[in-house]
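One chain, chain A, links the two complexes that follow: it is found with chain B in the first and with chain C in the second.
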Partner chain A sequence: MAVVARGVATAAGLLLVASMLVFALVRAAPGDAVDVEFGESGASALLSPEEEAVARAQRARELGLDRSVPEQYARWLDRVVRLDLGTSFRTGRPVADELGDRVAASAALGGAGFLVALTVAWLIAALSARRPGGLLDHALRVLSLTATAVPTFLLGSLGLRYAAEWFGYPVAGEASWRRLWLPAVVLGVGAMPVVARLLRASLITEYGRPYALAARARGTSTARLTFRHVMRPAFAPLLTLAGLTLSSLVAASVITEVIFSWPGVSEYAVSAISAKDYPVVQAYLLLVVAVVVVVNRTMDVLQHLLDPRVAHAAQVA
Partner chain B sequence: MSTPVLSVSGLTVTYGQLPVLDGIDLDLVAGRVHVILGASGSGKSTLLRALIGMVPSPGQVSARRFLLRTAGGEVDLSTPDAWRQVRGRHVGLIAQDPAQALTPLRRAGSLVREADRLTGGTADRGRVAEVLRAAGFTDPRAVASRYCFELSGGMAQRLGVGLAVAPRPAVLLADEPSTALDGLARARLAATLRQVANDGAAVVLVTHDVALAAGLADDVTTLDDGRLHDGRLAEGVPRHQGIRRIAVSVPPPADRDGAAMLSVRGLRKRYRGTGPVLDGVDLDVADGEVVGIAGRSGAGKTTLLRCLVGLERPDGGELRIAGRTPAEAGWRSLRRLVQVVPQDPRASLNPWRTAGDLVADPLDAHRIGTRAQRRARADELLDRVGLAGLEHRRPGQLSTGQCQRVAIARALAVRPRLLVADEPVTALDAPLRQGVLDLLGDVVREHGMAALVISHDLHVLEALCHRIAVLDAGRIVEDLPAAALRDDGTHPLTRALIDCHPTGETHVG
Partner chain C sequence: MLVLAGCGGQATAGQGGSETLRVATSALAASVDPMAELSASYLRSVGAAEGLMRTRADGTVAPELAEKVEATSPTVWTATLRPGVTFWKGGTVDAAAVVASMERARAENTLAAGLLKDVTVAATGDRTVTFTTKEPSHSLPSALSHYQLVIHNVASAPKEADLTGPYRITGFESDRRMVLERNDRWWGGTPGLARVEVQKVGDPQARAQIALSGQAEIVQDLPTDRAKELSAAPGMALVAKPAANTVTVYLNPSSAAAPALADQRVRQALSWGVDRQEVVDLATNGLSVPASSWLASNPAFPDAAKQGYVRFDKATAERLLDEAGWRVGADGKRAKAGTKLTLRLLTFGAEAATGEVLQAQWARLGIDVQVRNVESSLINQSIDKGDWDAVTQAWTTLGDTAKLMAAQIGPAGAANHGKYTDPRIAGLLAQAAGAPSEDQRTAAVYDLNKLMVELAPSIPVHPRVLATGVSKKVTGFVAHPLQYENIVQPTMTLG
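After this line comes the complex of A and B, so read on.
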């Protein structure tokens, strides 16, 4: 219970500081939502300068942009505390509705990408740790390095092209399970190498420990040794990294979402930033912090379950 | 003599061009304990690995003959594949450090079940309980459900031995099984090994623990230069492994009430979820006095040490160093007075720094002298501990004994008034122990400082200390002058410790 309370307090503090920073930064950039609106709509061309000034002032008043930045911040904070994220400057719809549709899509993509990354990393690590320096280890290292080196946009565009040609992959359309697998693979492959390299190193360390030797001396096969003895202690310390990976896959996979026109939050947030749609940007930030905190807390709990020695050590220290 | 269970001849193991074992001939006979002695680096570990078919990868194994005779017939072990059916089932291994040799994140029962299934057992609940009971656990169900990392050292040892012995292997290998054990556990291990041999297995005991070897050996061979030589436990090797008594000092200060260097009153400490680890410890160390703390594993020795140097905050009681409590003086200034010689020197030295840096480190930390003065002092100290000219070596380039000397030099750097040594020679091979003990005795005498030595080895304490206190379950149960302990010690634990560390000589041919 105390852990949960502390988690919420940390998240709230983090959010407060981060929101202030973003609030200040977004507003420090030249131009605001009114400029964007008038520029895009072409209204400036039709109005006399005086009329335009009046119209702009009125619009700014509607959006609350005529007040000082601290005042705007206070008003925003006041609403958020009452769970009202405000309305989008651009569409006039409640931000909660706008983001809500997209959160599910992002979570599905990030989650699927994470599963791909973990599965592939796990396989590669288990195979290459068996004979460090062996042929398979080298081959898999090359594979991992290539996966790191190839930029997501390239892998994504190529993947899209060939998948469309060979498997009739639907390039555009709603978020659907049929469209999920390709971006998930692209995301997963990008995130896999770091996990694979660290897990490999961790496995090699564990193989060298006396308990692994003793297990082999009792007649344990290599496969059994890997999966029943060594994997759990080797993987436990990587949970923190896994958590960070998952957070970024869910909340910040902009490039993949754009390339696959996947209607997720990150893609939406980017367009909101360029349109100076402040309420959306703020809400997005809130979401990212929430994801990071929730995922990290979950990983902490998982780590305690996976490696009870952590709890033990924390107690002694 | 009956037919050997395992016959090896011409066993050679090479790493690259280097032969580690060079034509070993070995016949292991059922019912006998074969002791193999050898200095570190003589290839003992490689021999054991070869005898269970697990020489690590660049090693090349060849043998003219490598035959195992089982009830089912003869098995030729010269190919790696043949070992799959043999390992664990016909040849078992007891590892060096039992606590490290159990998969930490598995439950004890699960390990037993797995081992039993691998060796063709029923692996049901009854069998698990049977194996655990045979290993000496009175409540198998409670043990079965515990994670291996939660087991105490003694329990881990029983489980490790139980796992190796349960399938009744024809050959049981034991690799320095006593190094990590306190005296009582060692005695129990010796009894188990004897029993296994009497039950019809050939036992191979690789050790440099002469006392253990002397009590068990039917045959003795010595491994040297990759070859086995007929050996005998040299007559007159004292049971206490050659550790001599060291004249530590001019008579210990008679005036106990005078300036006590260390004074501990009613020190208490407990960790969450455990019973009290320290349960009211009273202890005094006078200036210039060397006091030993003896006790079994788990008695609270290390926790006591951690409290004394401020690494652990006691729950209650009073601690005074040179008359001042930490609250009055602050740990920063007290740490200049108390320095520690750690248990595992290699683990306590940062592998990336040179010996000179490591020794100068406390001087840097306390900002004593100029940079040049610190370096000069470090060189002088390295010279003193017999490592002159090695100041640019890193721990990886030093032997374990040399690492311990670096640790001692580092502890002396700030001229402490109290030296605390935690199992100072446990990590060292027997032949190196005397040298390090001599050095400790010398520096304590030269600096006229007080010292607190913690060990489970009574011989070590007798060699160094004026006075020995016995710690059990978080309390000092006996506190006597070292010379009087054997005669006047009355507490059962003191008697047990004395029984496990006999004086006197062995004569095993």
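After this line comes the complex of A and C, so read on.
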């Protein structure tokens, strides 16, 4: 219970600091929503400089951009703690509604990508760890390195091209199971190598421990040894990395969501960033931070449950 | 008396089909309220909004919801509305509705306010609207054709969209997807399609894939680097139309970092030293055309393509640079009094490719150019601070030409970034806007364009490209130099 309470307090503190950073970073970028609007509309060509200045000031007032940055932050934070993320400059709709429409799609994609990453990483790690330094281990290492080296945009574009051509994969459209598999594979393949390398090392370490050697001496098969004895302790050091991977896949799959026109939060944020739609960008970044914090806190708790040594160390501390 | 009348500017639609047209676009409306930023342009582009006038593909304007628009005195234009026009939900588009629409536009949208500046709008009959201008104005019909002045039902705004047009919106997801169905009440007859589904696809390569796999009948804004593959694809045609804007390199004569730009000869040399055909071939895969002068991308002024830098003339460029004292040194670079001839060029978006080709071409003249592709807001910020040498922008050339040219070269012009002045400008701008005869106004516009060539405040290069993939099943697609007129037309059918 104390662990959970401490975790919540730490998370709240982190979110507050992050909110300040997010707000400051978003405002530090050159230009603002008024600049974008005037630049895009071409209104400048029809107005005298004086008229344009008046119109810009009026628009800035409407958007609340005429106030000082600390005042804007205080007003924004006041709303955010009441779960009001503000109104999009562009659409005039509540940001919470717009993000809400897209969170499920991002969660589905991130979750599916994570499953792909874990499954493939587990397969590769398990096969590699059976005979470290062997031919298969080398081949799988090359495969992992290749997957690391290929940028997501290239893998995504190539995947899209051939899937559309060969299987009639729908390039754009709603979030659906029919469309999910390809971006999930692209995300999963991108995230897999780090997980696979760490899991391989962890498995090799566990295979070499006395309990595993004793089990082998008793004639336990490799499959039984792996699943029954080794897998759980081998996964424990992986939890932090898995947490980071999951949170980045869920909340920050920008390139994949854009390439696959996946209607998630990252794709939404990209449009908002170019339009300097501050309420949306701030809400998105805050969401990313919140997801990272929540997932990592959850992983901490899981680590306590999975590995009694961690709980014991915490109690001693 | 000038009267603009006709059969509507749009061909009347005929027998409606039952097909669904699928459209993939690079951008989509964030709101269905036409007064929201850029929304009206997207609505118009998919046949969901109309104005009193519209711009035709040749750059001229024609009546749309208006039956005719006539100048009844130098300061009064009278629009007579078509009979029997209704909004999607059945409300009558009468003079009162038009005035309400115009006034809401003026109050809620800066661009509309600019278009209606010093214009009083009044209903003078059920179907008659008068536009009274402060000064004699010849450009009002052009303003009325602007997408920002589309007619909408103010009683429903902003919560619900109730406009006119061959297609009405039945489904909408902000910035993602729009579904439209045939508007059976449309004044022009039965639109050719039963349904239109518009999907935003932000990634250009994904749009190309949609076109190649036949997953949409119209795909807008295709990447020019895949022009060859797209042109060869069976079942579709790549329709490339130069847009009515000119990608232009604006030059800063007050730059401390590039003092050479203060010399008109250097600016002219930079322009003569551009092989525009090569730029078009390399940067747009041959889909655009060279622009020898700023106005060259305006189809209503065809002779502008014969003005200015009509050929690549390296010899003239070298001579002008030599005359200005920037001579080639042993290292092949030009310098004057120990200072190298260099400049920083900021580009935006797809103009990065144009910037790189220019860099290579100017390097052949002995000029060092650093190119950086940045966000447009960074370009604006650099201009505001005065910390810039050269930037690319592409302002529209089609519309109220006198105002657009005033923006380029007028003393307070929004695109006159270098604050260029010349005693001839004011007189020519006044002539272009207010000369009594159209011939005189046209001549003044051409003279202004020529003056821009001489002063060389900027270097016109080429129009942007509107590259659209059109399925061979589609009939009635008309390529238009304005992007917002370039997608769904009422006569379009699927064969």
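Please note the rule applied: the second predicted complex is superposed on the first by the 314 of 317 C-alpha atoms of A that agree within 3 Å, B and C clash if a C-alpha of one lies under 4 Å from a C-alpha of the other, contacts with A are read in each partner's own complex, and residues count from 1 in each chain.
Please note the rule applied: contacts are C-beta pairs under 8 Å (C-beta built on N, C-alpha and C of every residue); 3 or more make two chains touch, one makes a residue touch a chain.
As the structure is a computational prediction, the values presented were derived from the model and not from experiment.
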Putting chain B and chain C onto chain A via the overlay, clash or fit? fit
Touching A:Arg67, do we find chain B (first), chain C (second), both, or neither? neither
Vertex chain A angle, Cα centres of chain C and chain B, expressed to the nearest 10 degrees: 160
Should A:Arg75 be classified as contacting the first partner (chain B), the second (chain C), both, or neither? neither
What's your read, chain B or chain C touching more residues of chain A? C
What is the contact status of A:Gly173 with respect to chain B (first) and chain C (second): first, second, both, or neither? second
Chain B versus chain C as contact partner of A:Arg228, first or second or both or neither: first
For A:Glu267, decide between first (touching chain B), second (touching chain C), both and neither. second
Quick check for you: in the superposed arrangement, does A:Arg6 touch first (chain B), second (chain C), both or neither? neither
Minimum Cα separation, chain B versus chain C, post-superposition (Å)? 48
In the complex of these two chains, what residues of chain A are touching chain B? 131, 209-221, 224, 228-229, 232-233, 236, 306-309, 312, 315-316
Which residues, counting only chain B, touch chain A once they are in their complex? 52, 54, 57, 84, 87-89, 92-93, 95-97, 100-106, 114-115, 118-119, 147-150, 160, 163-164, 271-273
Which residues, counting only chain A, touch chain C once they are in their complex? 29-32, 35-49, 51-52, 55, 59, 88, 90-93, 98, 101, 157, 160-161, 164-165, 168, 170-173, 258-261, 263, 267-268, 270-271, 274, 276
Hey, which residues of chain C end up touching chain A in the complex? 24, 30-31, 33, 36-38, 110-111, 113-115, 117, 148, 158, 173-176, 199-203, 205-206, 209-210, 212-213, 215, 375-378, 380-381, 395-396, 400, 403-404, 407, 412-415
